[in-house]
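Look at the two complexes coming up: chain A is in both, with chain B in one and chain C in the other.
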Partner chain A sequence: MPEQRVVTPEFLFTEAAREELFITGSEAVREAVRRGNVDMAISYPITPQSESMHLVGDIYAEGYVKDYYRGENEFAVMSSVAGAAMGGVRVFTATGGPGTMRALEMFPTWVGARLPIVCAFFTRGINSPLTIQPDTIEMAHMLDTGMIMLHAEDAQDLYDMILKAFIIAEQTEVHIPVGVFADGFFVTHTRDRVRVASPDLKLPPYKPYSAPVPVIDMENVPFRQMRDPFVMKSNYVSYAAHASWQQEVLAAAERARPFIRKYLGGLIEVENEHADILVLAGGTAVCQGREAIAMAREEGIEAGLIKIKSVRPFPSDELRALTANAKAVIVPEFNRVGWLSREVRNVVQNPDCVVPGPRVFGGMTMPPDLILAEIRRYARD
Partner chain B sequence: MTKPMLKMTAAFADVMPAEYVELVQSGPFGKGYGVADLGSFKELIEEHPLCAGCGLALAVRLIMASLPSPEDTVVVGSTGCSSLAFPQIALQNIHSLFGNQNAVATGLKRALTLRFPDKHKDVLVVAGDGATADIGLDMVLHSWFRGEKLATIMLDNEAYANTGGQESGMSPEGCVLNMAPTGKKFKKIALPEIARESGCAYVASVTPVQPRKLEKAVRRAILVAREVGPTYVQIFVPCPTNYKFKPQETLVKAKQKEKDQTYPLREFITPEAQSYLAAIEGGGKRD
Partner chain C sequence: MKNKHKRWTFARKYCMLLKGLQLFYGGMILTKYRVLAGPEGYLPPAAACEGIALPDVGYALIEGREVPEQEALSAIVDKLLSAKRPFFFPGPNVLWEWKAGVAEKAAAVRKLADTAGARVIPMPDYRPKYPMINPAIEINPNHPNLTIWHNKIDVCVFVGVHCHYANMALKIIRGGTDCYTIAICGEAGHEDANITLRDAGIPQLEALTAMVAERRRLS
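So, the complex of A and B:
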């Protein structure tokens, strides 16, 4: 293992020279964690995530991560990373699909406890009969946990978003967990060109006492008895305390917006934004959307593309402005419920312009022609 | 604690809460007090919201007076009656969720080991029988299998007390409780024996009837967990509310069960823990 040098996040993210690797999404996770100055990682196998945490284990063995083990199940893993974060270290884990669902009870408690955990979610179907295929339905279940949710389009995004997630999560005024979501298999198991900083650079270490809540180490105040503590009481003071904390946690996610803008260049990315037909997507559906608008252009139809990078906080203002004159906002998705189109309908001025589809699920890929067919339909109208 | 953190700005002394002032002036941090000193120092818990005569409350009080180094002890609890007492305890402590205490404690202990490599940070798990032997059993066992250096204490009131007295795996066979309307159909879980077979270096079951014995078990569990491996202490804590006896009968009930051996007292110590304890207890000193 080379001696690593701590550099500022800004240097690592923008100024540092990058070399291009041809790697899988899982390998991009390893490269991000290698440069992330991660203290501890805890793993549990589930397809299509497993390989990423094998690779994190490999760099633990090389000395890049200080502690690493396989936990007993996802609920336990998410509990253990919570304990580690409360003890004041930088932690990373990853899961997906049924693993996400198994651990679901933990996610809102990460947020409530203000833990800056970074967790990668490699999405897959949740169904009976059992499926291991790509599907983003678990994101629907995660929308109201309070976590920040970033959605990577490809391995490059995954590398960048994981590293940036630590810095966004650890801002004192934010200090809540970040989930970095990527579509299982499509991103994890395919090779792509990824530009990465030198492996002898790493992020500054996490500063435990920058947390807005006490670190559980008996080295910082307060530790004292609380007379008549309000937790679990049935009285107005208790309700008000809980209610204000829940609002504060929501506000913490709101306060992440400027940091997401600073480090990710915005909550969305837009191409050809003045077109009145827009394709709006997150994850790998963005790629098919991009192909579809290129195909449309060859036919003389102008369409634009909105890539959703941050699902929570949701880019409501950005979308309201961008879709003000839209004739159609086509939302292709890799799940059967269409959670993203619901989100978009909730914020645009004219919900009727939102086209909730096309949707594929069960493991299918998204033919760009499906999106093109929608573009053509609205171009005719 | 490495810094003298428990001190007051003199100008604020008259507006600080009374219990805080007492904690600063006569608290147990760094003093090496034990159960025999109760009454002479400010305890880590003073009031609690638990029922009159609650055996669990008494046990928590005794545990808090038994810590070898309260100044470097953190506690992971779980949902249940004890979680109502923990906000009133002057140690940094975690309540995460019902049953995940040993998983949370695993992460916490490892984090503190990374951050304070030259120091003992005692991570103590204190949870109910439902939390330990039922809903959280997998995480309890796996922390033992992995050899995590945690001291796990079960407050065994033989029921889910906080939710209204339902049967738990630790309830005695035949006992009629909520959700066991015709009596519990299987034996009390033999967790001390399971702990012994699962990697615990020190295991004890005790009752608050003999406070010094309870203190010894808790101290041994914490000290062995520092150097040797996981430890487990099971404390019988009768619950007058759900077992429907008078609050003043709590210790009588515990004494009765000790005597007729329906609550068997145990102590299992591995040879390694034995020699470690012999070395540190040899001089008759507390530590």
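So, the complex of A and C:
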């Protein structure tokens, strides 16, 4: 077991000296887990996630993770990590694309059971004909599971968000799972400069006895679902219990907001916020958006950029305020359905200002010119 | 008719003023939702989803409003001493001696309840009790109303209940009863209680006991 010193989250995140590595997104996952004081990791391979959990297996062999094994499939893995979390340990896993869809039943189950699991999702297409190409459509299916959803722009975000996700998820008043999403291949398989803390440091351990539900309690729901099951009853008492339970889970996500602000600096990041043309994006679309507003500036057009870091909870108040005077809010996305533009339309004061696109999918990259063309169009109007 | 019109215009302006008070401040809407005793209705919202935030360290909530802890302690004493049938609901965290210090905390809870003249009904676990709970001797977070109604409880104190189950029960109580709820929480507090303390341990329990005793002595 390597010698590591436990430090406060604040020290690890902001004060500790960092060294710069030139690594892939998958390697950034390994470096985050190395410093995460993770008790257990369970894996099942699926492209583009496979390499990351393979690398977590490598650091298990080095002694940085206490237990690690490969599950039978994604559903089994997500069920197994639920058991581990109910047992009171810090647990990490990752999946992506069809793996996310196969395991879907478990995500609202994690939330309802108040399990602070951290799972990385490396997004890819989920349609037939089978594709392994980059696409963020699986996030649309995750929006109402109740999980906290963070969206990484690059490998640096991925490293930081995974470490911070443990601390956000494990707050007593939050205590629901966090999904850290990154665009498959664009982030996982490309090298980037990532600044990391010393591997001699690690987060404090998880405190299971501060959980809002009893740890490893075989007699009570949510651990023991099928004894004296109020799930099976059809009466008002049962309905009220279920309703209040679900409301409490919604409340838990609301309580995450101050911790996301504290540790991630906000649910969004903004550049040139007073511009009346705004590009709003999450994940790697932020990079193309940033490039597009720089190109626009060279042409004398002022445009701003809103980076969505937290998809759940959604930054509704922040976006309402920022877009109050916007002429156009351009939402570039890596999927065909435009789930982010739908989310934005639901919260802004003037939904007509939301431009649902440009969109690319099927594995295409997004030339910044596509976004620039939209900026030019609204600058002319 | 003219006066009526004037009254209506004034009422409309007053409403607009109130709405105006829901100002955007740093991008956030200042909420006016208050966590009052019920019955609030069929399905009351989670207070956290209505913009009520948990108190900062050293603070507490009274009906959703953040106040210094001392002010909340005083309000708890007022409620306990003015109640007709105050009850304490101790949960597993203080009922079972699962770690050092729990027995002392349980004794402090018992002393506070006795000093305040309150009765104690335990919440020993969280299993739904079917076919029927005995509400005279037990409370359960999945159907807390049964115990509140049976015992005609007008003020209750949650202490040592795991946070998820406390919030779950507090919403159901607020929805269906007029019972005033107080949470003495050892963690971050409960927006769904009418009054909540946070990080509360033996010092807060002893302070409450001393305040209750002093108030009784003076009355």
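The rule is short, and it goes like this: the second predicted complex is superposed on the first by the 364 of 381 C-alpha atoms of A that agree within 3 Å, B and C clash if a C-alpha of one lies under 4 Å from a C-alpha of the other, contacts with A are read in each partner's own complex, and residues count from 1 in each chain.
By definition in this document, a contact is a pair of C-beta atoms (placed from the backbone, for glycine too) under 8 Å apart; a residue touches a chain by one contact, two chains touch by 3 or more.
Nothing here was measured: the structure is a model prediction, and the numbers come from that model.
Participant: Report for A:42: first if it touches chain B alone, second if chain C alone, otherwise both or neither.
Facilitator: first
Participant: Going by the contact rule set out at the top, does A:219 touch chain B (first), chain C (second), both, or neither?
Facilitator: Touch partners of A:219: chain B and chain C.
Participant: After lining up the shared chain so the two structures overlap, which partner does A:91 touch, if you call chain B first and chain C second: first, second, both or neither?
Facilitator: Only chain B; A:91 stays clear of chain C.
Participant: Now for A:251: first (chain B), second (chain C), both, or neither, which partner does it touch?
Facilitator: A:251: touches chain C, not chain B.
Participant: Can A:321 be said to touch chain B (first), chain C (second), both, or neither?
Facilitator: After superposing on A, A:321 lies in contact with chain C but is clear of chain B.
Participant: Considering only the touch criterion stated at the top, classify A:241 as touching first (chain B), second (chain C), both, or neither.
Facilitator: A:241 sits against chain C, while chain B stays out of touch.
Participant: Does the superposition put A:83 against chain B (first), chain C (second), both, or neither?
Facilitator: first
Participant: Is A:209 touching the first partner chain B, the second partner chain C, both, or neither of them?
Facilitator: A:209 sits against chain C, while chain B stays out of touch.
Participant: By the touch definition at the top of the document, which applies to A:66: first (chain B), second (chain C), both, or neither?
Facilitator: first
Participant: State which residues of chain A lie in both footprints, the one left by chain B and the one left by chain C.
Facilitator: Comparing the two interfaces on chain A, one with chain B and one with chain C, the shared residues are 214, 219-221, 224, 227, 229.
Participant: Given the complex with chain A, which residues does chain C contribute to the contact?
Facilitator: Interface residues on chain C, with respect to chain A: 24, 27-29, 43, 45-49, 53-54, 92, 99, 125-130, 141-143, 145-146, 162-165, 167-169, 171-172, 175-176, 187-189, 191-192.
Participant: Help me check something: in the complex, which residues belonging to chain A touch chain C?
Facilitator: 114, 171-173, 175, 209-214, 219-221, 224, 227-230, 233, 237-238, 240-241, 243-245, 247-248, 250-252, 254-255, 258, 317-318, 320-322
Participant: Okay, in this complex, where on chain A does chain B touch?
Facilitator: Going by the criterion above, the answer is residues 39-40, 42, 66-67, 69, 71-73, 75-77, 79-89, 91, 105-106, 109, 113, 208, 214-221, 223-227, 229, 231-232.
Participant: How about chain B: which of its residues touch chain A in the complex?
Facilitator: It comes out as residues 1-3, 5-6, 17, 19-20, 23, 44-47, 71-74, 76, 83-84, 87-94, 96-97, 100, 103-112, 114-116, 121, 138-139, 142, 146.
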